[in-house]
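One structure coming up, written as structure tokens, with questions to follow.
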Amino acid sequence: MKKLINAPDRVVDEALAGMAAAHSDLIRVEPPNIVVRKDAPRRGKVGVISGGGSGHEPMHGGFVGLGMLDAACPGAVFTSPVPDQMQAATKAVDGGAGVLHIVKNYTGDIMNFDLAAQLAEAEGIQVKSVVIADDVAVKDSLYTAGRRGVGGTVLAEKIVGGCAESGANLDTVTAMCQRVQDNVRSMGMALTSCTLPSVGKPTFDLGDDEMEIGIGIHGEPGRSRMKIATADQIVEMLMTPILEDLPFKSGDRVLAFVNGMGGTPLIELYVVYNAVASMLKGKGITVARNLVGSYITSLDMAGCSISLLKLDDEMTRFWDAPVHTPALRWGL
Amino acid sequence: MKKLINAPDRVVDEALAGMAAAHSDLIRVEPPNIVVRKDAPRRGKVGVISGGGSGHEPMHGGFVGLGMLDAACPGAVFTSPVPDQMQAATKAVDGGAGVLHIVKNYTGDIMNFDLAAQLAEAEGIQVKSVVIADDVAVKDSLYTAGRRGVGGTVLAEKIVGGCAESGANLDTVTAMCQRVQDNVRSMGMALTSCTLPSVGKPTFDLGDDEMEIGIGIHGEPGRSRMKIATADQIVEMLMTPILEDLPFKSGDRVLAFVNGMGGTPLIELYVVYNAVASMLKGKGITVARNLVGSYITSLDMAGCSISLLKLDDEMTRFWDAPVHTPALRWGL
Amino acid sequence: MSFDKSGQLSYDDFAAWIRRYAGVIADNKQYLTDLDAAIGDADHGINMDRGFQAVLPKLDAQTPGDVGAMLKVVGSTLISTVGGASGPLYGTFFLQFGIATAGQSSVGLEQLLKGLDAAISAMQRLGKAEPGDKTLLDALIPARDALRRASEDGEQPAKALSAAVDAADEGMRATIPLVARKGRASYLGDRSAGHQDPGATSVDLLIRAARDQWAG
Amino acid sequence: MSFDKSGQLSYDDFAAWIRRYAGVIADNKQYLTDLDAAIGDADHGINMDRGFQAVLPKLDAQTPGDVGAMLKVVGSTLISTVGGASGPLYGTFFLQFGIATAGQSSVGLEQLLKGLDAAISAMQRLGKAEPGDKTLLDALIPARDALRRASEDGEQPAKALSAAVDAADEGMRATIPLVARKGRASYLGDRSAGHQDPGATSVDLLIRAARDQWAG
């Protein structure tokens, strides 16, 4: 295993300490391992928190700050955080207007957030939850755990953060989050497996000429394995299910998000974005906003995901609203 | 080779097309492959350009925009750009106040920028050059090509960009760039080799338990190869030569820059930053500013570099000045 | 043989079971993680081990006596340290088991079954899984049912526990051909078939640890 | 045998040399790149090939006649397409060679040597390298010197060219033990010893291509 770490069981704590040191103007890191916006709680503002396993950096800690999250709860690597964290985060950010939990749809996240919400409500804090489940690689069904929450989470956190910052109440903020969830679709692929620090070897083996399509962000095997293809072909394979699912159609205005999985450099993401942009152009879909970079990663996995969000004016406005976090910043 | 590309000889062009599509509000890409600030030339403003081989994204194209570069000249992967590019870029950004070339110290870059400066001056544009040579892994000597330009380049481009944006004249902008060069030191290491798209296999072979210390940004072999060590030990190995070289001493205020080489995820960079910050604290050196992320990469190489810049008030002010580029943005 | 003449287990028996299981988990950390790598995210052994390593000092600090109080501590410690899917589920298991045995200094087969009933229904409320979904329930429910049958048939506790282990084994192995409908493995769809569920495996180890500790 | 009775090479001889060299570079693209991987950045073959593939159509478009004009086109094409260290250096080589032979429709050994002198001193002004720095000059300068000696000794052009090839070979091989002081290889310090310089190797191929084309 080749990683810049000291010991597998210290990675998360040391990375959080590094984050806290690097961004002490924006965030504070508190026990039991929560990342809290420096000036939280803000009186009268709806708190927005999220959380999940570590290993997806900058998500979620890198999105804490003005105009995005009020707190993030990082679990162990690829492991949902524990309810104590969400409970503490909820208390830390509650400014009296209630708190929204943005939960990625994983059994563990759902259950742990559930328990935390019960605990917080028992302490008199109003909590709502929205579950992000945007991964079209997973068949959706009433009888299964349903789709994973992936790239759409980043977009939801930004737009919902903008909405909460504008002074909207808990119901409005919750509805905005649901609106993003209803309009976003994603799919990812891997060129290599990630390696968990605690495991020390790749989670799955991919041949030198193979790739995995429909991968999640935890080294879970994907929908299918096949011979490696060109960037244009890969974009086609990811975009087709995304476009068909909503469906997106000619005349739509979208936010196109090309995300790197952690081990893929920016030069390749721009090659991918080039293919995405030209495919959308060909379909008469307007890319009104875009994001290209590694924002929701899977440790050192090489690969990418694509997310499309069908925008309306309000979502666009909240996307454009000022944000100042370690990983996303504009407008100030 | 596992890359998200269509063909090795199309990588640079397609990545530039992707960049142009993603950041059409900030930049334009023109023949012969130059990235130019959307609103260039700006009358009366000193133009600042840089360039170098591709494969280091976001450097340099990602640093074109308000408060940083006016243009960038990306060569083929790891190959210095040709004089035609620098000549065209110089003409495109000259607002009558002259143009500064920020050149990384590589024989090829030096010679190609040299030829370009001669051509531009022949057309009546005043050109100055500053060579960035901050890599302490290379022994400095009058009789050799000298040190490579690495991470310090990013810091120079930001600070010099801020200086030029403030309306300073060519001599002042040039002096500011030289001041950054005189006060910045860097060193890097690799956990894995990079793979050139055109070559298709790793440039060098590193054993599963080996790392290379003192690496450049082109897959050049480094100063020494050794068994892989902990993040703390690696930081010590990189920081000691950096600190001794200037030297940095107790009471200094520095900008600490932890850079990822392209294949290393952010979680590891924060672990590294944590070690850097605590080492500096132990030495009584104040980290006044910091930057953590993958800003000057070496394709898909896993590894990191550390740069320290001894700050003064003016450099700090220009670092803080607003910047709006694809890769760095703050203050607006 | 831990059961006393009237078929009761003491506080120490329960504490010894938890301690033994912590050791079993440590020994099987890699195995459980490898199972999870095939259809999940390669952390089940790590998660469980983190939890039970946190449980051990809590157990040491506990004043012996109340079985239910001790099991509640185990449950809440797991909830607070494991995370993932297994944390709330195993946490709920021990928490509900503890609530069902609160105030008791000894526990017989009958209360054991009551505890299991309470634990299983809370786990199902939380995780919304049904038997056959390829989860830890597929080992836990058959084990509970076998224990009940043996108990109703008037078997000795040792024999009843062995029946539970056999049922857990069988249930665990029966997860292999199943297509997962819950948990991470469900993302794989049909590709989840052919692999044994990690959670069912750790449950099997839990039942075995009870049999080995109490009737070994 | 290309030299005419008065020891002159024609425009076509020069064009054939360039074309032959473009083929040699294409054939040795991988080899040169591998040499560069050991002590540089694994692109010398790729760089040279990109340049000479761009030269070929320019050559086709050229009106035959003026050797110097043609060589200037080769040089400026290389400068505009190669980049890296080899682009300006090889570009300067042909550009200066072309300036030295401007307006000439045939070129003899004497002008060849004048061209080489002009080219080499311009390359040294640009790259600031000295013999022994482990660069392409370590093949080029000995080749030029051997050619001059042979010419001064009154040797036939074919023999003089062979002497130049031998000297280039020797100079190229002599780069192996050297510690690089210029170019990327210099970053390696002592670790650059034990490897043949890629640029000296491509120069050796250039001299060989001349011998093979003109005296083969």
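All chains are identified by letter, namely A, B, C and D, in their written order; residue positions are counted from 1 within each chain.
Keep in mind that, in the parts below, a contact is a pair of C-beta atoms (placed from the backbone, for glycine too) under 8 Å apart; a residue touches a chain by one contact, two chains touch by 3 or more.
None of the values given here were measured: they were computed from a predicted structure.
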**Request:** Return the distance between the CA-based centres of chain A and chain B, expressed in whole Å.
**Result:** 29
**Message:** Report the inter-centroid distance (CA atoms only) between chain B and chain D in whole Å.
**Reply:** 33
**Request:** Indicate the whole-number Å distance between the mean C-alpha point of chain B and the mean C-alpha point of chain C.
**Result:** 55
**Complete:** Flagged in chain C as touching 2+ other chains are none
**Asked** In graph terms, with chains as vertices and touches as edges, which category applies: line, ring, star, complete, or other?
**Response** line
**Request:** Identify every two-chain combination in which the chains touch.
**Result:** A-B, A-C, B-D
**Asked** Which bits of chain B are touching chain D when the two form their complex?
**Response** 32, 53, 75-84, 106-108, 111-112, 114-115, 135, 137-139, 141, 143-145, 148, 196, 198-199, 203-204, 216, 218-221, 223
**Prompt:** Which of the residues in chain A end up touching chain B in this complex?
**Reply:** 2-7, 11, 14-19, 21-22, 54-55, 57-58, 62, 191-192, 208, 211, 228, 230-232, 234, 262-275, 277-278, 287, 290, 292, 294, 297, 299-300, 302-304, 329-332
**Message:** Using the touch definition from the top, list the residues of chain C that touch chain A in their complex.
**Reply:** 33, 37-43, 46-47, 50, 79-89, 126-127, 180-184, 186-189, 191
